[in-house]
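For reference, chains read A, B, C and D in written order, and residue numbers begin at 1 within each chain.
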Amino acid sequence: MLDDVQAHADSRGVDLDEVGIDGLQYPVLIADREGVKRETIATVKMSVALASTIKGAHLSRFVEIFHASRDQLSLVTVLSIADDLRRSMSSLSARVHLEFPYLVEKQAPVTRLRAYVAYQCAIEAESSATTPRLALRVQVPVTSVCPCSKAISDRGAHNQRGNITVYIEPTPPATDLWFDELIELAEEAASQPVYALLKRPDERHITMAAYDNPVFVEDMVRNVCVALNSWTNLIAYRVQAVNDESIHNHAAYAVTSRNMTSTGAS
Amino acid sequence: MLDDVQAHADSRGVDLDEVGIDGLQYPVLIADREGVKRETIATVKMSVALASTIKGAHLSRFVEIFHASRDQLSLVTVLSIADDLRRSMSSLSARVHLEFPYLVEKQAPVTRLRAYVAYQCAIEAESSATTPRLALRVQVPVTSVCPCSKAISDRGAHNQRGNITVYIEPTPPATDLWFDELIELAEEAASQPVYALLKRPDERHITMAAYDNPVFVEDMVRNVCVALNSWTNLIAYRVQAVNDESIHNHAAYAVTSRNMTSTGAS
Amino acid sequence: MLDDVQAHADSRGVDLDEVGIDGLQYPVLIADREGVKRETIATVKMSVALASTIKGAHLSRFVEIFHASRDQLSLVTVLSIADDLRRSMSSLSARVHLEFPYLVEKQAPVTRLRAYVAYQCAIEAESSATTPRLALRVQVPVTSVCPCSKAISDRGAHNQRGNITVYIEPTPPATDLWFDELIELAEEAASQPVYALLKRPDERHITMAAYDNPVFVEDMVRNVCVALNSWTNLIAYRVQAVNDESIHNHAAYAVTSRNMTSTGAS
Amino acid sequence: MLDDVQAHADSRGVDLDEVGIDGLQYPVLIADREGVKRETIATVKMSVALASTIKGAHLSRFVEIFHASRDQLSLVTVLSIADDLRRSMSSLSARVHLEFPYLVEKQAPVTRLRAYVAYQCAIEAESSATTPRLALRVQVPVTSVCPCSKAISDRGAHNQRGNITVYIEPTPPATDLWFDELIELAEEAASQPVYALLKRPDERHITMAAYDNPVFVEDMVRNVCVALNSWTNLIAYRVQAVNDESIHNHAAYAVTSRNMTSTGAS
């Protein structure tokens, strides 16, 4: 019988918030808005809280539990993986975090040609003795035209690729929520969306539409917040916009978060 | 006169927690434990809170203020940069975050040969109407030997490079604190430190000393916590250990945080 | 009619080796050794040579051509995408480069439990007026135990995660080649493979088997080369091994390449 | 006496092109155009060729040799480090590769305010029985305005941050060459340079100057090539431009290389 070193006692008196694995690349099937299962490859992070009296956590169980559920992932099932993990490890809490590219077939604005754009998305679930916690995150690449550059120049305006990150904590089980909605909301907050395939008539349309709709990082964050403020199923959100400034070698960014359960903005 | 677009009014009613710049690579002089100024290159992130009534922040001022102070950085001066920023922008709060390689000339354990090891370090400062906030972070590469692998095997034991990240919030102004102390504390929590230059007698020493001192990620975090628990100048800490597991293609990690001002562990 | 700026004449007299797109993340179906199509997500780079007399290449055509073929990728079809691209752009040469995670369900050595390991793989194809060129690349994470550390120490031996990269140029069309074979060959060249899921009996087995089979980066490269030297369908290869040294904060590496069509090693 | 495992004989008959270390972060002093030593932090890669009859290379010597020279680096001294390495290891060839941020204090175009911009630079040296080989590489962030978008749109034009990479192999010892010249040459090939600090009059100037000077990636590469073609001290060059397209989520790129010793473009 091989010694179970992890199960030994520990006398240092230090509780650990999270013990687990990170960076596990795994094939998964994730249900989309229409319930269709889509294959993608997730980077997985899973952990449990570890009581001060126990030396270590059995990390191989994390992979076993995840492997068994990998073909039926959704907000609901990721939360139940966290529940399984917590029970299996007799732990006070357990967390599961998935990050993966989510592919959307988009149509060019004028020619209507189709091609895929990849959005980096994440699902987080935490199981504990009290209320479970769920979170979604999506990172949306966009175009932004600088309002200052446009206003002070006789012609042109600097613009660049930006990224809007929207993180929301919905009230579980949140069965009606999906990434597509958050992506659309972020794209509407920018000067224009980005695409994988554009012909000249599309490029002309986007160039002028973006020039007519200049936004700072501040504006993109506020536009998303105004939209999210009308959602009734949120506990909290955090919105960030980052511009890879085309006239600088650094980024401009804005970020804000709000706890919807408290009386005002946090 | 060029239009000051950032100074326009905004009616969306959304306060922003942070508006600023990120990813600015800048040459800086940082005072070490002995007060000697060392040249390094920092990645700088600076921000202010923006009131809901104002359209944008003037980001060029951030670079001007930082440029003027770049040759005299320390915990004390980074906090005063945050103060300057807050006043200059008439903001409720301002944050400065620097990340940089901190070079330590280390001696091999047996031959005493000298060579540099680079530790990724960070200083954070936040200025607001209430108490200022300071934080230090250091990331320390180490060797870790797996206690389970050693216990269950007749010979050998898998080991790997790990990284211990120690983040502390000291009571300002914390003039007596420096990175070297945190680096030593993290290295003592591992199976052995890592070095840039080792000859065979050193390699023999480290191999056996590490084999005699196996630790899980859980152990490394707890060892650092036990040491930090005796520090009297801390408001909070967070300790993380990550092992780039040599028998897996994913990492094992543990993390815990503690707020020293509350009665128990957070 | 919108001006076709790319089609304008150019008078600078500079031929361009490659003009194209890079970093396009795209969902693809790749046939495996058994002919089964597997979904994965590729990072795509495509280019054509541009004659000195033409101002620019029409980059949207790259995405159109790739989109039309994305569900039937193999060594043969990637080469025909390069052919299409070359003809469509009336270019002297065209290249297609795909990089993607390739998932293999592996069994633990003792318990035979199954879990996926992701290998980063690439396919390259070049179409030109002369012979087409094909290349495959696979990056294989492994365990390596240091022979020096073992020999000079009374107990233990430092070990770490390493990565073996095998790049081969087979004689087209190479219909009988696939990644699985290169992965196995690389794993056999190391102290032991890595896995996603190992229980204690597996960990004991791997710890001792690796300790009994120590290898330097030099050994891993040479073991792969010896194996490849017997392949009759190769034009050239390049083999690299990198160890994330557990006692240093830097890597050890070895690399060599061979052109099989010349008389000796290159 | 500890066994010298690396010195053992090897019978596999495989010569290795390079055996060495990579990823060593080290503080260095690099002489600039005016001979002033500047402190920066380099990522170091060093290797030697290894004859098929020897089992391994002694990697600790690499760090010892580099450490002894770290405060006097220039094109000339990096080549002599490669010479030392080759002799010390009795090898047929040795290579040294340094990569580091090179800081330039730039003035804004109108207000003349000063701030630093970091350029990622590299020096490569190879020592062998025949002629030594030297190479410099610099990566220059720039602004680029799309000529097509400008031509087909009634207003505005999409633009973005780009990066021009210039790699040159000068005739050794190349004592009169430095990075500043390559940086200026690349910046002149783009729509406009980027800066760390710009006030509104500067932003107005750059916006309009860039709009008046649109360039594709093809144009940026060709502009650099035309300039380099007049240099008399070059053996070879390679020029690449990459645009982080603001209307796409992928990059556009162009690259070309030329061997000046052959009769035509390679």
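The rule we apply is simple: a contact is a pair of C-beta atoms (placed from the backbone, for glycine too) under 8 Å apart; a residue touches a chain by one contact, two chains touch by 3 or more.
Here the structure is a predicted model, which is why all the values come from computation and not from measurement.
K.L.:
Can you give me the shortest step count from chain B to chain D, moving only between touching chains?
P.N.:
Counted as steps through touching chains, the separation is 1.
K.L.:
Taking CA centroids for every chain, report which one is farthest away from chain A.
P.N.:
The most remote chain is D.
K.L.:
In whole angstrom, what separates the CA-based centres of chain A and chain D?
P.N.:
Here chain A and chain D have centroids separated by 36 Å.
K.L.:
Using mean CA coordinates as chain centres, what's the gap between chain C and chain D in Å?
P.N.:
25
K.L.:
So which bits of chain D are touching at least two other chains?
P.N.:
Within chain D, the residues that touch at least two other chains are 2, 24-25, 118, 148, 152, 196, 198, 200, 204, 249-250.
K.L.:
Contact residues on chain B for chain D in the complex?
P.N.:
The touching residues are 2, 4, 24-27, 39-41, 60, 63-64, 67, 101, 103, 113-116, 118, 196-201, 204.
K.L.:
Under the touch definition given earlier, write down the residues of chain D that touch chain A in their complex.
P.N.:
It comes out as residues 117-118, 141, 143-145, 148-149, 152-161, 192, 194-196, 198, 200, 203-204, 206-208, 210-212, 244-250.
K.L.:
Once bound in the complex, which stretches of chain A touch chain B?
P.N.:
So the residues of chain A in touch with chain B come to 2-3, 5-6, 10, 12, 14-25, 47, 50, 55-57, 59, 147-148, 151-152, 216-219, 221-223, 225-226, 242, 249-257, 265-266.
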